[in-house]
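One structure below.
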Amino acid sequence: MAFTLDTGATAWLLVSASLVLLMTPALAFFYGGMVRARTVLNMMLMSFAALGVGAIVWTLVGYSIAFGDDIAGLFGNPFQFLGLHGEDGQSLLAESGVPFLVAAGFQMTFAIITVALISGAIADRVRFGTWIAFSAIWIVLCYAPMAHMVWGGGLLSADGPFAAIAEPIDFAGGTVVHINAGTAGLVLALIVGKRLGWRKDPMKPHSLPLVMLGAALLWFGWFGFNAGSAGTADSTAGLAWVNTTVATAAAMLGWMITEKIRDKNVTSLGAASGVVAGLVAITPAAGSVSPIGSIVLGAIAGIVCALAVGLKYRLGFDDSLDVVGVHLVGGLVGTVLIGFLATDSGLLYGGGVRQLLVQIVIAVAAVIFSAVVTTIIALLLKALMGWRVSEEDELTGIDVTHHAETGWDLMGGFGSRRAAGSPQSTGASTGSAGSAPYGETMSAHAAAQDPPTDSSSPEDDRESRPAQPATTGEPR
Amino acid sequence: MAFTLDTGATAWLLVSASLVLLMTPALAFFYGGMVRARTVLNMMLMSFAALGVGAIVWTLVGYSIAFGDDIAGLFGNPFQFLGLHGEDGQSLLAESGVPFLVAAGFQMTFAIITVALISGAIADRVRFGTWIAFSAIWIVLCYAPMAHMVWGGGLLSADGPFAAIAEPIDFAGGTVVHINAGTAGLVLALIVGKRLGWRKDPMKPHSLPLVMLGAALLWFGWFGFNAGSAGTADSTAGLAWVNTTVATAAAMLGWMITEKIRDKNVTSLGAASGVVAGLVAITPAAGSVSPIGSIVLGAIAGIVCALAVGLKYRLGFDDSLDVVGVHLVGGLVGTVLIGFLATDSGLLYGGGVRQLLVQIVIAVAAVIFSAVVTTIIALLLKALMGWRVSEEDELTGIDVTHHAETGWDLMGGFGSRRAAGSPQSTGASTGSAGSAPYGETMSAHAAAQDPPTDSSSPEDDRESRPAQPATTGEPR
Amino acid sequence: MAFTLDTGATAWLLVSASLVLLMTPALAFFYGGMVRARTVLNMMLMSFAALGVGAIVWTLVGYSIAFGDDIAGLFGNPFQFLGLHGEDGQSLLAESGVPFLVAAGFQMTFAIITVALISGAIADRVRFGTWIAFSAIWIVLCYAPMAHMVWGGGLLSADGPFAAIAEPIDFAGGTVVHINAGTAGLVLALIVGKRLGWRKDPMKPHSLPLVMLGAALLWFGWFGFNAGSAGTADSTAGLAWVNTTVATAAAMLGWMITEKIRDKNVTSLGAASGVVAGLVAITPAAGSVSPIGSIVLGAIAGIVCALAVGLKYRLGFDDSLDVVGVHLVGGLVGTVLIGFLATDSGLLYGGGVRQLLVQIVIAVAAVIFSAVVTTIIALLLKALMGWRVSEEDELTGIDVTHHAETGWDLMGGFGSRRAAGSPQSTGASTGSAGSAPYGETMSAHAAAQDPPTDSSSPEDDRESRPAQPATTGEPR
Amino acid sequence: MKLVTAIVQPHALSDVADALREYGIAGMTVTQVAGYGRQGGHTEVYRGAEYSIDQIPKSRIEIVLPDESVAEAVDLIVRTARSGRIGDGKVWVTDVVDVVRVRTGERGADAI
Amino acid sequence: MKLVTAIVQPHALSDVADALREYGIAGMTVTQVAGYGRQGGHTEVYRGAEYSIDQIPKSRIEIVLPDESVAEAVDLIVRTARSGRIGDGKVWVTDVVDVVRVRTGERGADAI
Amino acid sequence: MKLVTAIVQPHALSDVADALREYGIAGMTVTQVAGYGRQGGHTEVYRGAEYSIDQIPKSRIEIVLPDESVAEAVDLIVRTARSGRIGDGKVWVTDVVDVVRVRTGERGADAI
């Protein structure tokens, strides 16, 4: 295809890709704020790891599987764009005048955020290595084929069999991203099992400002996600932009009202969750409903998701940060409501039930595909690597036990620390139960002193403390 | 009007709209960091609520009132663009090749941030419901008409009576946004009254990093606000971009120097406030002054606002987070200095006093209009809903009492919690003053135990704690 | 040159400039989270000060020195674009259809971030005034000439003498920004000296979520830095975008793996540092290597930098936040690896050693130039203003002692505070060592009471506390 | 000498400190604590599930005093910190064997 | 009266509080503290340099009690907080001279 | 047995802990507290209004000890924590009736 660059469309897609990339760290903050202080780093690292692994895997084979030449309607030729080797005319966005790599980069960010979303279902309790392996495999076997089926000309696309009824609509990823991640989250929550103390301990968010920061950056990034999915900077992008904003606003208000009625209080966690629920629900619909339709769709999503997040307590699965209640349910709401609200073909606009039917079909297909593939991957990894950290590590907190760090230290420099590797401190950390006799200087400790720090350093060395009359004889 | 899409201009406006939308959460962080830890969530929710309500109201009637066909120079036909129904040729940005909905979305973000700004004046003490009602009404009755008067062809625009003297200049919202919000903040601070303990308790910011994050994101978002107001991506946008940056830099330095001289210390709160003061002041002037002029304007704004924030202590109104000192004063400084510094028509550039005169006139008109309308709305709401929370709730902190949440919990899972609704805990929370006899097991408490959590759950249930020789007989 | 506006390119450059501007506050968070809680504000203010000073200095002379007509291959005519006075055809980006001020603003953001980067090497211990002076002088004497030499047609550019061997490649600032800042950081760390307690106290990061926020926003901003350096929105920008993402992902994974092998744990500080190392290393190479090449380059950078940050302990300089280990080393890695990996001219692509040679030459030249100029400036300032705060202030924490603020106060309103200036409190703060006799009311304290706060205020004054039977007789 | 330990409402702390200072007690040590008691906690709601958070933020004050000042100091604290609502707190007194001022090594009443 | 001070593992706090409440002790004051002891700290790694962080988060419980309840209360705490691993904590008992309830001014056992 | 409570400057804590450990005292419990005393607070400035923040961060150390070690332990703390400037802190000693080690149920000196 002859390719003519459109700098405006390209500028918008470069921006959109950047915005969607930002969504993964945003998710890290959204999720990180929601867990307890002792696991914030692990939670955030799960998103960052998804970024690292996702970018590499997508470059190597992911993009090819999603957008290579169709094989059986299920996936694309995995070797076609190996290493993102391709020509400017070859991407779906070529017609908009967007270069190949810009399109490939934009799509990359979707793969990354989708796998990162799943991590919320299994907060605080999984081995980091297993998560990394899962991320890589899941993108290849679950995300990329689903993207192919919906956007790459596969079974669930306009080229697939259901298009005979009506052309399936998934503007920016209701099925590929949200139903997919939500289903995978449910599967993992079931396979990994519950956190210790679940339902007894409120496990309340340790930093709601961080949660709200995450929600805000997600909203911001979602403009790239939805309006960027128009593929260029035109009226459709404008429609998607406005719909994204008003649906989200309506969902936030819907969630707030639900809380007000049910719990008597409007919470910030609810507001933040309502924001995400609205963003999720409008994702598939952003290009095919009106602003008023979006308000309706958003409000419904906010209310339904606010109710849905309580389900896990009733059904007994620990979907820790509500990936199911928000992404699976929100994705279903959005995908199905298109059947009613699409201005072209929706039931309420006189389009009959055909669109609705197709929307239900693709939603169900997505759930089934994702559930099956995720189950296989998760069970395999359970057998090979194991999912859970030890109970003691989970109780103590995974940050310190698995990452050797603590998220917050506002006391700043409080406490006695020394370089490890010294006999005494090693002794201490394995726990010598024998009682040290009083009055006797512990010789091991003396040996553990740091070598005098650079006393021979030529430059003006200011490490010594202000003069002090103490007689401990131990220069700090 | 025949409409030709310009993808470059559209890309820039889509980005600008996204950037300005981000400003409202940014404000939530800026304000949220400034209040005490026990009210951070309420403060942030006021901005988020403005987002929710503002987007809906703007879609329904706000945009029409602002940009519909002129009625008496005061407002536009409220039904014209109901639900943002419009054609691509109908917006003010049609000439730039920007689609209707992109323009309408861009304008929406201005309405939202303006009402959110006001919340800083009444931190820590107002009913959330009253605030939501205020936001909705104020956008309709105060913001949208003001936007119409200045930008929509009304009284204060180039089509208004004062244009005979000189064309009024408000590039991006010195009057519509900042003078408007600042005046409304002053009115609300007076009507709502002071916080308990004001002037005795320093009420120091609980998280200055959060304040600085807010300031940083506001600056970032303001590029959309100011450079986006050029309506396309051209030299004027470039001028606005540079002016926004250098005026802000100069204002920050101006504020710092004022503090250094007055207080002997440069503070981060001062730096962050200086940033906002500079952004405010350059807003109306960004398209009509030179970079050097912007440095002068910014420096003056920084110094004047640094002095102005002290006024509330002298005059005795609790404008808690300095909406008056920064937005009203900064907006006035910027609007008026255009009369001196506009390269086309300013006094210092040989343009005579006409521009200066007109700038003063529109500033004063904006103050009066905003004051009158806001007073009416605020008094009405005072009568109908009431503004203040109870004194006890205010002392305890509005987050826990009105939102049933706490912003920060870095101790992570510390303490004894149980599911509410159980007799014992309910008893506790109403406070049973009778002394329980020692040695007697409280039967109410026994009844309050959670049902054994899913002991029948089929899957590998790991909720039990590590084996422990304790004999309490109460599995966790 | 006749100038034709390209709104797409201009939109992208406006966005890029905004993104790069955001990087400096992002750095403030990245660095601010890494220091102890008692110095977070000072650390952040160093970046904000760089923003303030940098924008002004760049507007006045910086841009001219960098991009004015060449003088001796070292710098440009400092008066040519005074106050950013220039025509749309005059910038390097004129060919892309980008207006002069957009190009100048874009370049401004590079100068700002570069000087801000240096501050990490001297955390927690320097006078704020000296830092401000350093920032201003360093931009003029070190950054702007270096930018001229590499990008403005000077010695290290395609117009310089080394181009005879091969055209030197520095796509977005490996030499100008990172080697330059890293070298300057090393020089300052040596001249300023170590923090008190260095190597004994871990000086662990007080907020890793803040560090990760910083890293995330840096990554986001870096898309402007690298893909913006293409000068327009085209395939090269797309290549730079993808390379930036995959190199960063690979570097993060490389750092993680290094940690896993060496320390047994993957840390979030490591992940965040790996992100920055990858971004640094790909900076010079983003336009000339393939995505696969970027993965290799990123992985090497991640591993090498992870090892390099340990050097300071061995060599004994307190480069507090690893400006040397990440920016100098990462910048060198990226600059030199171009010689191997450039798809046009790299050794591994059959291009021979010429490119490699030239890359080494410009890297070494940058190190030498930066070291010499920075040493002179730093020693001058040491003599004139002094670098270090007093030892007592450093121990207590520079935030309270030099900025009269504390970063975090999550206890919210805890404690007894009164307006200063009262005799009692002044007495207290100078420390009266004499023991006050019991039973005697301190009259000075009585005198120190606030005047009854506005008891005469006409409006509904709610400052009094809820009725309390206490008999202290002191209304709050 | 005695050690007076008082648990009070955080928002009473400032008044108590002022009252003690007026009375002539210059030194004390304050800790942020969580109190459990008759005063019930508040309810927090997460994801529609209510939790009663039992512990309530309190301030804990420690003052070392000569025996003769104890009665009056306790009285002062109790009067100042009292609002009459449940949860106002407790004060208890324990014996102190010895006190030393770190700066000077002074002991006993001189050290306070 | 006596003051029982117990240092326990933070994750045992909730069980201890429940056990005490069942036993009939309604009031206590809890502080977050850092414990040093036989239980070694953990290792944290910054920039490749390992640090052993000695202090370990613990919860410190204070309960003022009538003399006759002390033995049983201590027993209850010890049994509930015990996991058998190093670092489970300590309980110590000191004498209390007087107690006052701030709200009412009640003294002694009535005040608890 | 005795309970030694020491208020020291936060930056002296690490040295005190080291000195005590060298002396053979392996266990202690540390709390972050706010001290009021002769040492005045610092001034913080918000919006041009100055506030004197009276409380100063201090570290509070608790050590349960056999009677015979008290004198030396107090001495060690005082010597190590002393800088000679106002605000170095206080140490006080109270009687302990009983101590229990949670892990083992050991009592008295064995439990320390």
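List of remarks:
As written, the chain order gives the labels A, B, C, D, E and F, with residue 1 at the start of each chain.
Heads up, the rule we're going with is that a residue touches a chain if its C-beta (ideal position, glycine included) is under 8 Å from a C-beta of that chain, and two chains touch if they have at least 3 such contacts.
Note that the structure is predicted; figures quoted are calculated from it, not measured.
When the C-beta pairs in contact are tallied for B-D and for A-B, the bigger tally goes to A-B.
Same interface as A-E, judged by over half of the contact pairs sharing residue numbers, among the pairs A-D, B-D or B-F: B-D.
Of all residue numbers that take part in the contact between chain E and chain F, under half occur on both sides, making this a different-residue interface. Our note on geometry: chain C versus chain E, Cα centroid distance of 46 Å, whole angstroms. Taking each chain's centre as the mean of its C-alpha atoms, chain C lies 40 Å from chain F.
Among the residues of chain B, those touching two or more other chains are numbered 6-9, 11-12, 15, 201-205, 207, 213, 263, 265, 267, 269, 395, 404-406, 408, 410-411, 413-419, 466, 476. Residue positions 11, 14, 17, 26, 30-32, 34, 36, 38, 44-46, 49-51, 53-55, 81-84, 86-87, 94-95, 112 of chain F each touch two or more of the other chains. Those residues of chain D whose C-beta lies close enough to touch chain E in the complex are 2, 6-8, 31-38, 54-55, 58, 60, 74, 77-78, 81-95.
Put simply, chain D touches chain F in their complex at residues 1, 3, 17, 26-31, 64, 94-103, 105, 111-112. The part of chain B that touches chain F in the complex is made up of residues 202-205, 259, 262-263, 265, 267, 269, 306-307, 309-310, 313, 322. Within the complex, the chain C residues that touch chain F are 201, 395, 400-401, 404-406, 414-421, 425-433. The touching residues of chain A, when paired with chain C in their complex, are 5-12, 14-15, 17-18, 21-22, 25-26, 28-29, 32-33, 40-41, 44-45, 48-49, 51-56, 59, 83-85, 88, 99-102, 104-105, 108, 128, 207, 210, 213, 402-413, 417-419, 450, 453-454, 457, 459-466, 476.
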